[in-house]
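Letters are used for the chains, namely A, B and C, taken in the order the chains are written, and counting of residues starts over at 1 for each.
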Amino acid sequence: MKERYDVIIIGAGVIGSAAARELSRYKLDIAVLEKMPDVCCGTSARNSGVLHAGFNNRPGTKMAKYCVEGNAGFDRLAEELDIPYKRTGKLVVGFNDDDRKALEKLKAQGEANGVPGLEMVDKAFIKEKLPFVEGEFAMWSASTAILNPFIYTVALAENAQKNGAEFFFDTEVTSIVDDGNMYTVNSGERSFLAPYLINCAGLGADRISRMLGIDEYTIYPCKGEYYVLDKRAGEMLTIPAYPVPNPKAGGLGIHITPSLEGNVFIGPSNEYIDDPDDYAAEKDVMDMLLSDGGRIFPHIRRDHFIRNFTGIRPKLVSKEQGGFHDFVIERRAEAPRAVNLMGIESPGLTSAVPIAKEAVRLLQEVLPMEPDPTFDPYRKGIVTFRDKTPEEQAALIEQDPDYGEIVCRCETVTKAEVLQAIRNPLGVHTMTGVKYRCRTMMGRCQGGYCQMRVAALLMEETGMKPEEVRYNKTGAYVFTGKVRQI
Amino acid sequence: MIKKIHRRAVVIGGGPAGLAAAIAIHDKGVEDVMILEREPRLGGILNQCIHDGFGLTRFGEALSGPEYAGRFIDLVNEKHIEYLTDCMVIGLTPEKVITAATREGLLEISADAVILSMGCRERPRGAMSIPGDRPSGVFTAGVAQAYINKQDLMIGKRAVILGSGDIGMIMARRLTLEGARVEAVFEILPYPSGLPRNIEQCLNDFGIPLYLSHTVTRINGRKRLESVTVSEVGPDMKPIPGTEKIWPCDTLILSVGLIPENELSLQAGVELDPVTRGPVTDENCQTSVPGIFACGNVLQVHDLVDFVSLEAESLAGPVKEYLDGGLPDCRIPVEAGNGVRYTVPRRISGGKDVTLSFRPSSPMREVCYEAFQDGRVVSRLRLKKAVPAVMVHMDIKASELRGEGPVKVVARIEE
Amino acid sequence: MKSEYICTVCPNGCELSVEYEGETMISCTGNLCRRGFEYAKSMITDPMRSVTSSVLVEGGVMPLVSVRTSAPVSKKRMFDVVDVVKSMKVKAPVVMGQVLCENVLGLGADIIATRTVEAAEK
């Protein structure tokens, strides 16, 4: 930890990590402060994992602009950062005349935003692409893609770190003091100093904003619950399929999205809540998701269901207000050395890098930045075993026998990958940190077979005592100690 | 470089089923038999079952899991039966080509006969969708058992158990003996899912209450589990509003069902029975794919390992017959009627005596199980008491069967 | 006095109804065999249980060796036996069947290893 930094970034979700990477292109000392033990623990992780095309956003908004830019730039980004993704395209499916009118408007909106590859298609097209989906006609969006939001965020963060950014986990910001030239950002007993600051705190961004002296924003947490269907459903749904959005309901409605690994996410629901940390899943939602989703994907069955998860949207409008609020990306007179990012909900994931670039541009108005010629845009992820041909698999094992030891049977994850996940450059050592990096514990048995080995490897590699192993956050201990303590 | 080898018979899984099958196949003269086991040692799930009660019928002794497995492992070693450990099968084709990963490389084994004995997995919380938070401290019973018995890791101090399956009750006792407080066991059904003997020795012995017709309706705790909300359920198994009670605890053990592990079977095109979730088999334990056989928990979830060994041994003769030229067709379907959840096997030939295995669909007393063929009773079994937790075995003599009409097993209460 | 017990001798789990006076049994119904009758008797006088647990291993390929009592012991003494087990330590290698504690607490049963634990290589 340095005595002082040039820029402090608060929050290591996809936005904070993207900002860290963009800043690391310059000769700057950067500190990223994250309250959780890992990157991507909030909204960034809990969504459908879609790279949106940008037709759902109003022309002239930042959401529209950055979404289209982010989508267009993704091929190159994914190549640089070794991010797995698939340009599946997407079908927005309709049944009646109202739907058709709405879709034509959507298409026009998309075209106004500069979205490429939009076309109205007929039933035959739907049947050819997605034989198990029901619909009379649809809008086809060729540029929509699916990705793994966790790996995306990890890749941004790891590359930022490689280029000098420092990440501090379990570091929740408790207060900020500004003496006019320097910010002192306190986290309990620790203090970080920097003249400049970027607020990427997601659900906590209004809190941080108030600490900066900008009082006008309130984040209204809005819960969205998803259900995960197993690979049998995934075989029937290989392309995202959405119903025509209902403008009154807001958001995108219940949609059905395949994941890269072959599962299907159905959701999200839409429910304003009081507590921004309340990720609890509710019973009635399942019935609603099954019936709404069942309209366009009638093959959904309850026994496809493996598990559920929830995400919370950082909305800038309350339930009563309703309506729409654009991304807030600003540098204001009240806090001229800080960039304030608020309300980064969908399409935040897609827009992450353009948003980060804009935040940097705003900061450049007050902070001259010298490009760093040693900046290396490349990052290599964990080499996976499961998606290789038998010959490639045999070669992997020959190079490293740990590839011959399968730890997670359901997802075919090898010891080599688990070790790489544990030895991650950011130094994250929670069970979920390992889980999200290499996919152990994410299959049909949900860790029934591999959890024990992952815990053992984690303790072996880090020297942690049993009671120090955390599941996903500080306080979420797994073991109370050894069985035999003599 | 993929190492390619050939074996006459390959047994996938070196737990009690696979061990017994391999030994019996070897004893029938098929010495070219190989066991593939993913763990570092043979024994399967028995390695973590340190409680006793195994082998009462087979050996007349109350052995612990490792001891029971040890008897078979000793025979495997004495007979020099080939096996690989730390070997995970990742592929199986209908042509019986097995792909397996080992530290030494990728292995491709072409087999003349394959014996599936991969056992089962536990139903995880997700598939049950209990609403609420996602704290640490929620474990399926088998995971808790492995942590405590194999890795010397203690998982909590104050536990609640959902599900009165045997493993849950065994863990109730284990946790109590290790100094944890087990508050209660909750079972959604109006009757227990596990063996009566376990209720006595694991719960009653320690004063741990068993609440039937109750279930956990919410999990509470942002970091580590803090409590669970429990409700009484009605005959429709839905929670009765107003009966919610909070039970403080730091550990929730889930013992809510076992699912046969049949991913490889599906890869090979084996037809599965939707009730057992195991392969549909005939009296030879042969699946719908000729030359692929199944036994043990992968076929149907068992409650007694002694019977697992018998079931596994029963397929040795048929495997030899298959390898020598083929097995006769089994054309007589066997169906489960009233009071019977399923039957194994699902098809018989009528050419030899068979033992049917099935589970009662609900607890019954003074019950008479009858197997009918074309209106005639071909076998009858009377039991003073039958519960779903205890598998029932009924013998059918070949001499009683005529023609290819289906055989249906039905339960009848006798006054 | 009347009591109900579930017999644990074999998987049938017969429900025994027992009438007794002090430590003398008057009647027993519900048992399918003689062993159940004997079990009922023992439940009144002194129920017996086998105890299974784990002992810490030093220098083994596994941290624990599973153990059990070689014969059932009085149920009243179960926790005492577990306390002894918890205080024990054994050096690898341990062989299945090895007696780790003879005649534990004078109860007429040994604590025996129920698996083999090889010594770990250095």
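For the reader, a short list of remarks on this structure follows.
Everything below uses one rule, namely that a residue touches a chain if its C-beta (ideal position, glycine included) is under 8 Å from a C-beta of that chain, and two chains touch if they have at least 3 such contacts.
Everything numeric here is computed off the predicted structure, so don't read it as measured data.
Relative to the C-alpha centre of chain C, the farthest chain centre belongs to A. Two chain pairs, A-B and A-C, are weighed by contacting C-beta pairs, with A-B ahead. One finds 25 Å separating the Cα centroids of chain B and chain C.
A separation of 39 Å divides the Cα centre of chain A from that of chain B.
The centroid of the Cα atoms in chain A and the matching centroid in chain C are 53 Å apart.
For chain C, residues touching at least two other chains, in rising order: 54, 56, 63-64. Annotation for chain A: residues 482-484 touch two or more other chains.
Multi-chain contact residues of chain B (touching two or more other chains) are listed as 148, 150-152, 178.
By the touch criterion stated above, chain A contacts chain B in their complex at residues 228, 277, 279-283, 286, 305-308, 385, 390-391, 393-394, 397-398, 401-406, 409-410, 412, 414, 444-449, 451-452, 455-456, 466, 470-484.
Taken together, the chain C residues at the contact with chain B in this complex read 5-8, 10-15, 32, 49-54, 56, 62-64, 66-68, 75, 78-79, 82, 96, 114-116.
Chain C meets chain A in the complex at residues 54-56, 63-64, 86-87, 89.
Note for the complex: chain B touches chain A at residues 1-2, 38, 86, 88, 90, 99, 101-106, 108, 121-122, 124-127, 129, 131-137, 140, 142-143, 146-148, 150-157, 178, 222-224, 263.
Against chain C, in their complex, chain A makes its touches with residues 482-484, 486.
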